[in-house]
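Quick one: structure below, then a few questions.
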Amino acid sequence: MSTKKSLATIWLDGCSGCHMSVLDMDERLLALLEQAELVYSPLVDQKTFPDHVDITLVEGAVSTEEDLKKIKLVRSKTHTLVSLGDCAVTANVPSMRNPLSVKDILERVSDGAAPRQPSNVPLLLGNARPVHNFVKVDVFVPGCPPSADVIHLVLTDLLAGRQPDLTSITRFGK
Amino acid sequence: MQTPQHLDAKNGRIVNLDDLKTIAEQEALLKSQLKHRIFVCMGTACQSCQSADVLDSLTREVSTRGGQAECLVTPGGCQGNCAEAPLVVVEPGGQLYRGVAPGDAASVIDSLKTGPVKRLLCDTTAPFFTEQTRLVTEYRGLVNPERIEDYIAVGGYIGLLTAVTELTPDEVIQQVTRSGLRGRGGAGYPTGLKWSTVAKAVSEQKYVICNADEGDPGAFMNRSVLEDYPFRVLEGMAIAGYALGATQGYVYVRAEYPLAVKRIEKAIAGAQRHGLLGNNIANTQFSFHVEVRLGAGAFVCGEETALISSIEGGRGLPCPRPPYPAESGLWGHPTLINNVETYTNIAPIIRNGGDWFAKIGTEKSKGTKTFALSGRVKNTGLVEVPLGTTLRKIIFDIGGGVPEGHKFKAVQTGGPAGGCIPAEHLDAPIDYESLQSLGSFMGSGGMIVMDDTSCMVDVAKFFMDFCATESCGKCIPCRVGTVHMRDILNKITTGEASLEDLAQLEELCDMVKYTSLCGLGQGAPNPVLSTLRYFKDEYMAHIIDHLCPAGVCAGKGQDIRRPACVL
Amino acid sequence: MRVVTLSINGQHLSGRNDESVLQVARAHNIDIPTLCQLDGLSTWGGCRLCLVHVEGNNKLVPACVTNVFEGMVVQTESERLARYRRMIIEMLFSEGNHICSVCVSNGNCELQDAAQSQGIDHISLPYLYPERTVDASHDRFTFDPNRCVLCTRCVRVCDEVEGAHTWDVAGRGIKAHLITDLNQPWGESSSCTSCGKCVQVCPTGALFEKGKGAGEMVKKNEFLVYLEEMRQKRS
Amino acid sequence: MNSAAPSLPSSSQNVVAAPSDDKRWRIVGATMRRYGFAPSALIETLHTVQNSFGYLDTQSLRFVARSLKVPLSKAYGVATFYGIFRLKPHGEHTCVICTGTACHIKGAAKLLATIDRCANIRDAETTKDNKLSLVTARCFGACGIAPAAIVDGQVIGNLSPETMEELVRRCLKS
């Protein structure tokens, strides 16, 4: 019987920098994976989100209908949900579009040619917002991106059943 | 007619009590030569109902009949029952006519011989008239506010000349202290104490400011008092100037009150002409000048430090206190700031003594208070009662209760920093302490009655929107907190709020109340807190059932949520 | 002026009665958070971060404008104050568009520092996302109102130290915003001397030198106290 | 401290030339002279400018600021702090709707809706044909006759949506 906890990561509206930071844990990853199994992630080949996950790290803001659907599903199947990095925590760079209307943005990016939302990409929400605006978040890990050391501390603490205290080691933007 | 010759010799200057007596006698003589005097109210409400035309047609009617010598038609002040404007009073007899049209002039003049015009007659034996105590609004508008002689005829300026010629500044302050008068701007700080603090401050220059920036929505007592009794306000300020050693006064009045501005400016000119303002008042060393400063539409300027910034010509931003204006106010000098109604009470206190005033009211709240009664009540208008009168008496006896068979729900007092008091507390006496214990505030005297057609969440939202718009933006809790609170209230009234939002609203209320810089922010949460205290069920109905019981946020029984909007 | 004894957080201290609680606390290495206060400028009292408890006063008082007195008992930390301070900082983040990762002051920002010192790891208030336009018309400096917290240090330094009064606040409430001259582009201001004092006193990345990338703008405001002392000597 | 108490009139050589020979500048000049060109006369002078010209434009703000020796940014700050001052002209007719408490309770919102329906304008807007400007005020003290409005300087009380409509139509026609 496996006593390993299940771990997942998802990627919403972000630059993947936080996932890179996860990988930056290098050999410490191997030690972590002795305690946890990575059951779902852009880094592994798994199409559907499992029914029960102990810890899910979320990178990115909620910017589209699809992000919203995904985060609601993930929340319902996750025990401890972690907002990883500034995009998930504050909506960060994706939120820079928020003072503008969706219509204006679409007009601008398509140079006025296609003012309507194209059908083959997810529908944009009015604002890109942080994850906790939509679902309950258990742990917040600010940073752009949070360093590998910070992520390591978060995971070791959570796997050991402790609430991590990050106040002195990470902050918005760093 | 006797001419007061010794006055002419002094260039019209009035310098002692005898001069006042002479003028009063002269006025009495004038009055005795008239058979009738007809007063047409020229207050804001009556003017909006064409009382100027009524005045014109009455004047014309009298002159066509050649009765000018024995019948005087004159502009008068507020009768209080503004809902029945325009109002006309006929003296002697004191018949009060309501809803008078210019076309009624002939009937009114006819009535002088034939008896009252029944269809226009107001029942002055009704509680609205009999249950009031008129101190601030004495002579109920039957003094022409544009004639200083009219004011002198009813005892005007006895207070100032007594103070200046017979009392020491200390004795004046003693009388004010003995009277137990407290600030009528709302907070109820003892006036005598405030005066003695400024008097004790050592400075070559001191200032006296009259706060007439009546900003509370739903309050018009100060407007009415300034329009009707401008001389009394000036007299009170001059007495303060004498007691404190100040030589310069300012009346800071809202530009939205053009009539009040005109009246006070005219009164300043009149008082100057008669030596009751200016240099060497009553031929003593005491000089006192008054200037008008116009507000320009910023509620926060009712806060005394913001008002000072505004008089100095700047943005009306409040400053942390201490130092209080009493020590360092206008241009850094000791400054007294009192409300219009506070100054109005001063002259009678000096004239009749502080003990006389202290007999009226309750143990801790002396005197009377004017209230602007409005909203869902039958007799809207200006009322004055002794402090300690119950809310029930004002709303149901004087106000005549809620019209059209609706049910009383709450009364809002204290403006945007006040609260809504429900039916179960209608028997509470109105004084500074009891209103505060009920989660409201005396404020300057706005009293808005609400019935079952008012949604209390909507009312809270209305006040929060007011505070958010009127916040000066200097301190963060008020600038940002009021916006967040308004947004949450908005979510509640559109059925989008959760219980977590309500919890956050309560948390914001607590934080904004205790961290804001001035009274605007500190008071802003009060309408929410008081409606949450007494009408939480209405909040719950919006949040849980998505219904507005009063049918304001959506029709009765209808879902308040708006159709979903994409993007 | 005389020396008084008081206690801050149970520590017995002394100070002059013309000093503020903040000054005395700092002289004894007791940290009280502030954003609008800056040595060398007049006090403002607007940020409300430095509110403290004073025994016998049922209101919270701002440490920056409250002078110490004999026997004063001050408490600068409590669960309640911590809660209020966190909320104030959250309000600032929710009010503007503070994107730390692309900000020139990232890592050298007093707002960011304050958030970290108060243990803020997310903003629970909804963001307001106002529309604010960057003014890059000046040759040497840029004003990004998205990062402005309206502390008015720039207004005060420009008026009190430089004497130009190029900056002021227009509008009120949530619509209050900084302007130069008659709300013209900064580069067209006739009163601005381009001295750059406003840039150096700005606690965030709202005012910065052109050519600085994210995290590159380090503010230097020690000159203020120096100027104050030098000018006192002359007068 | 801001400035000293009202000072003596400055010498005539300091007087700034009026922007044009429009006679109304003389009225503005008279106000400033009455207050001895003290900086504290800023608000009073702005009132006079607005009463004379209908609004405050950049030219008048500059003139007043220079004459009273008030910093330009301060003059602009003051002009935008107070609700009464406007930087743009009004239409031919102005309707001020009171939104004080008593008027709110008695249906001021319905009056605003009526104006929006009839003239297609909201608070602080002017109709395209420049006929009518709508402004809201925070109580002008006519609570006894709520709901109230001021149309072209005339206070009108006890308004119903029907009378409001009539008033608006009259303004739009004339």
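Note that the chains take the letters A, B, C and D in the order they are written out, and that residue 1 is the start of every chain.
Just so we're on the same page, a contact is a pair of C-beta atoms (placed from the backbone, for glycine too) under 8 Å apart; a residue touches a chain by one contact, two chains touch by 3 or more.
From a predicted model like this one, the values you see are computed outputs, not experimental measurements.
Touch-path distance (fewest steps) from subunit A to subunit D is 2.
More C-beta pairs in contact connect the chains of B-D than those of the other pair, out of C-D and B-D. In whole angstrom, the spacing between the mean C-alpha positions of subunit A and subunit B is 58.
Rounded to a whole number, the gap between the C-alpha centres of subunit C and subunit D is 34 angstrom. Here the CA centre of subunit B is 24 Å from the CA centre of subunit D. Chain geometry summary: the mean Cα position of subunit B and that of subunit C are 39 Å apart.
Counting partners per residue, subunit D has 74, 77, 81 as the residues that reach two or more other chains. Multi-chain contact residues of subunit C, defined as those touching 2 or more other chains: 124, 126, 169, 171-172.
Multi-chain contact residues of subunit B (touching two or more other chains) are listed as 298, 315, 469-470, 472.
Here subunit D touches subunit C in the complex through residues 58, 61-62, 65, 71-77, 80-81, going by the rule given at the top.
On subunit B, the positions that touch subunit D within their shared complex are 44-45, 47-49, 81-83, 85, 205, 214-220, 223-224, 255-257, 293-299, 309-316, 330-333, 372, 374-376, 380-382, 412, 415, 446, 448, 450, 454, 459, 462-463, 466, 469-470, 472. Across the interface of their complex, subunit D is touched by residues 159, 164-172, 179-183, 190-191 of subunit C. Within the complex formed with subunit C, the residues of subunit A that make contact are 83, 86, 89-93, 95-96, 98-100, 127, 129-130, 132-133, 137, 140-142, 144, 166-168, 171-174.
Of all residues in subunit D, those touching subunit B in their complex are 1-5, 38-44, 46-47, 68, 70, 74, 77-78, 81-85, 99-102, 104-106, 137-146, 148, 154-157.
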